[in-house]
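Just passing along the structure, written as C-alpha cells.
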C-alpha cells in the first residue's frame, strides 16, 4: 500500500471490554469490520482507544486483531509514542512486527526536550522501522512548523503530522502553511471541525469510530465540491454526538462506546478507570440523540453496500 | 519485617544504564549495596528511577535486582501506580510476586476521577496484594486529608502517604494533622525540607540515592534531638547538591547519576530521553560541589563501618 | 426591581472602541438599546467586555453608559472582582454608586486562598453594598457546591452563582444539586450549552451580545416547553457563530464585534491587545455565516417590534 | 543618571499597610531609606510589592513616595505592565510623570499574542516614554532570546531583560547568550541563585527588600572576585530566609514583611488578600531564623555607616 495514499477518514478504534474489563477481541473484530464496511480510509489505535490503559501484551493483542481483521483493505495506524525514545522504539518495532501500516508518535514527555532532542527522538524511531510515521502534535507537546520541517528533513519515514493543538482549524492552517509541502496534515479534535480543516488544506482526520458513515459522507461531499452538504452533515450527524462527548467528564469514551453498543457492534460500553458513569441526564440526552440518528442504520446499510 | 516499622530514609534508586542505554544490573547491585551500607532504612523504585522510561520487562528486572541485593536487610518499595486500576493492579501483583515489601501508588491519571473512583482504585490494588501501600499524592494528583482518611478506612493495606504537593513542609503538616493517626506520613521534594518535615510529624523521606550517608546523618541527629546538627548537615551536604539538581532542565537525573558515577558506584551517568547534557557551567559547578563534598568518602566509610 | 427576578438571557456587552481604541460611548448606547429591544432580560459588563483592558476611569464610563441607557428596563450586572478584597470592594462600591443593579465577583486570585479566605473576601464585598452578587466560578477559581453554600450563608447579598467550570452542562447540574436552593444558577461558556443547562436547572445564561434575539428565542421556546424548537434554534442560529468564535486565537472578540459592526450597531470591530486580526479564511467563513443568518434582521425587527 | 549604569542589587519594595490595610507612606519612606542606606543599587515596585493589589491611585502614591525618598540616590524601577497595551501605556506614562527612572513590563496577558503583537506592545510603551525599559519575562509570559532581540531592535528604550523563567540560572545563561549584547540581563527568583546567575553573565538581581545588606555583601564579594565569600553569604544569610519564604502558601509576603517589622522598618506585616497567616510552626521557624540572623543589625549598621 503506498503510504502517500493515506488520506481521508481514519477512525480511531475504541477498545471494547467484556464484563470483566478484559479486551474483547470479537467485539473489536466487528468494530473493524463495521468501519471498513462504512467506507473509512484507515483505522487507528490511539488515545481514543484508551491505549495508555493497556498493558504491553494488550497493545499487541489490539494491534494484531485490527491488522488481521483489516486484511489490508485499509491501513492501520498505531500510536507508539513513549515518554522516552527507548520505549517509543520498542513499541514501534512491536507494532511494525505485528503488521501496522503506519505509526503515530508524539514528542517525548518524560524530561524537557529541546528541538535537537525531539529530532533525535523521531530519528531513533524512523531508523527502527520501514513504515510511515505521523508526528502527533498536541497542546502538551506542541511542534512548531519549523520544528516539523526539521524532523521531516532528518527522518525519511516521517511523512504526516496530526495536529491537535487548539484551536483546531487555525492550527491546521498554520501547519499546512509551514510544512504542508513536506508532510500530509491530518486534523484532530474528534473531527468536530472537519470541514473547516479540509478548507485549510488538511488531507484527513481521525475521529472516533461510532459513526464512520457520517464522516465518510462529509468527506465524500467535500471531495466532490459540495461544501454545503458536507457542512450540513456535520450539523445533522456529527455535532450532536461530538457535543455530547464533551459535556461531562469522560463522556467521550462513554458516548462513543454506548452508541456502538446500541448499534450492536460491541458487547459492553465499559471504560477502564474506574470512571463515574454518565449522569442520568446526559444518558437521557444520549438516548435521544441515538433515537434521532436512527438514520444511522440506513446509512450503515448504504455505506456497507 | 513489620511494615509498621517503615520510617526513616528511603533512598529512591536511580536506574543505571550501560553505554547502550540498557539497564545495568551490576551497577544497580552496587547502588543497592552502597545505600544499605550507608545505613538507609529502605529503598524505593519510583519516578526518580525513571520508572516511566522502563518497559514492563525492565521494571521487573529492576525490582528483582533491588529485592535480591537488599536481602531483607531493608524494605524495598516499588511504585506501581498506573493510569487505570487494571494496570496498577497488574504492576502491583508483579511487584509483589517479585518480592517487593511495599508499594507506592498515585491516584489514577487517565480519566477524571472523583473521590469514589479514587477509593475504588486503591481498593482494587489493596485487595490484590498483601503488603503495605503508600498513597503517593502529587501536585497533579492531590489527595486531601479527608480523602486520604476514606482511602485508609476502605483499604486495609494502605498504611502510608507520601506527600509531594507544594509547598512541601506545609503540605506535610496538613497531612499529619488530617490523617496522621491512620497513615504514616513521608515527605517528598528530594528531601530538601527534610528537617522541616520531621518537625511537622513526618516519619520519613524519600530522597535520591547519591548521598545516603548525608540523609542518614540528618535523621540520626534529629532522632537524638539535635535539631541544630541536623539542620547544619542539610546546609553543608544536602542543599548544595539539591540546588544543583533543580537549576537546569533534567539536572536532577544528571546530577545524582554523575555523583554516583564519580563515587564509583555506577558505570555511566546516562539518562534516557533523549535529554540535553548538563550545560558546561552547571557541569563545572557540579565538579566543585563534588570536590567540596569529598568528606563523602569518609562519611561512606563511617556509614558502612 | 426585585433581584429574585433575575433570570433569563443576560447579554454580556462588548466594549466598542473608536478608531483610536478609545471607548465609544455612542456605539455602546446603541448596543444596549439593541439588546433591550431584542428582549434580553439583563445586561452584563464582564470579561467578554474586555473589562480587564479598561482603566478604572473607563470601567466607570462603561458602567454609567450601560446603566443610563438601560433606564431600569433590565438590570445591569457589573463584574467587580479583583485580585484582592480591597480592590474588589473598591470596584464594587464604584459600580453600586454608578447605578449597577447587581455585581459579579470571582474568588481572589493574587494569593492562595482557602475556604475561609474566600468567604471573608465575599463577606467584605457583601457588607460594602446593598445589591445582589453573583459568585463567578471559573476553571481557574473553582468554587465547590459546599463552599458556595458557606458563602451564601455568610453573605446575605450573595444570591446567584455563574458557573464557568468545564464541562459546562455537567458543572451546572452539580451546582444546582449542591446549592440550587440557596443560589440561582446561571450558565457560562458563551451559551453554547444553553438548552442543556436549562434542562439541569439553570435559571439563565450570559452569552455575548451579538445575536440577542437568538438567545431570547431559545429561552422563550424552552419556557413554553418546546425543547425541540429551542434546540433547533441553537443549531440554526447560535452554534455556527459560537463555533467560529472558538476556532482562532481571540476569535471570540473579533467575531462578535464584527457581527455587531455589520449589523450597524457599533462603529468598529477593534479589539485591544494588540491582537492579530482574524485570518483570511476565518474572515471568509464569518462573512458566510453572517450572510446565512440574514434572518437576523427579520428577527431583530420581530424581537424589537 | 545614565541608565546603562543600571546593575547590581535592585530591591523590590514591599508595600507596607497600616492596621486598616491602607498604604502606609511613612513605613514606605523608612523602607526606602533602609535599603538606600544598606547600599542597594536600585529600587523596584513590582509583583513583590503586591502591585496588582493596588488601585491606580495607590500605585501612584507608592511610586511617588519611592521616588521622593530615593532622591535620585538610586534609580527607581516601576512595573507598569498591563493586560493590554493601552493600560500598559497609561501606567507607564503615569510612572514616568511621577519620576520613575525606569520601567519593567511583561508581555500582554489578556489575549493570545504572537511575536508581532508582543513587539507592537513594547513599541507602544517605548514610544510613550523617555526612560529605559526592562522586559520582564516569566514562566507565564516567556520571551525567547530571538524575540527579545527583535523587541530590542524595534524599541530604543528597551535596554534590559529580567529573567524569571525556570530554572533561573539556566534561563539567565540562555538569555545572556542570546541577547546579552543588546540587553542587560537581571535575574529573578528572589535572588536565591544570585551567584549562579552572576557566573552566567547577569548584571544584577531583584530580590526582596528585607535584608538588602546581605545581597549587597554577595554582590561586593563577587565583584572583587571572591566567589567563595559570595556563596557563603548566600548560605549563611539568604537561603534560610528564602527557603522559609517558599515553604507555606503566601509565605513570601509574610516572611519578608515580618522581618522588616521586627527590624523596626515597617509598622505592620499585614498582607492584602485575605490571606491565611503563617502557620504556627513556620512562624516559630521564622523567629528562629531572625534570631540567628541578629548579625543583621550589625550588618545594617555597617551597611548604613
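For reference, chains read A, B, C and D in written order, and residue numbers begin at 1 within each chain.
Note that contacts are C-beta pairs under 8 Å (C-beta built on N, C-alpha and C of every residue); 3 or more make two chains touch, one makes a residue touch a chain.
The structure displayed is predicted, hence computed values, not measured ones.
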Relative to chain C, chain with the most remote C-alpha centre: B
Distance from the mean Cα position of chain D to that of chain B, given in whole angstrom: 36
CA centroid of chain B to CA centroid of chain C, Å: 48
Chain C residues counted as touching two or more neighbouring chains: 249
Set of all touching chain pairs, with the criterion as stated earlier: A-B, A-C, B-D, C-D
Chain A - residues contacting chain B, complex: 21, 50, 52-56, 83-87, 90, 108, 110-114, 116-117, 120-121, 124, 249-250, 253, 271-276
Residues of chain B that touch chain D when the two form their complex: 167-170, 173, 193, 196, 199-200, 235, 239, 243, 246-249, 251, 279, 281-282, 285
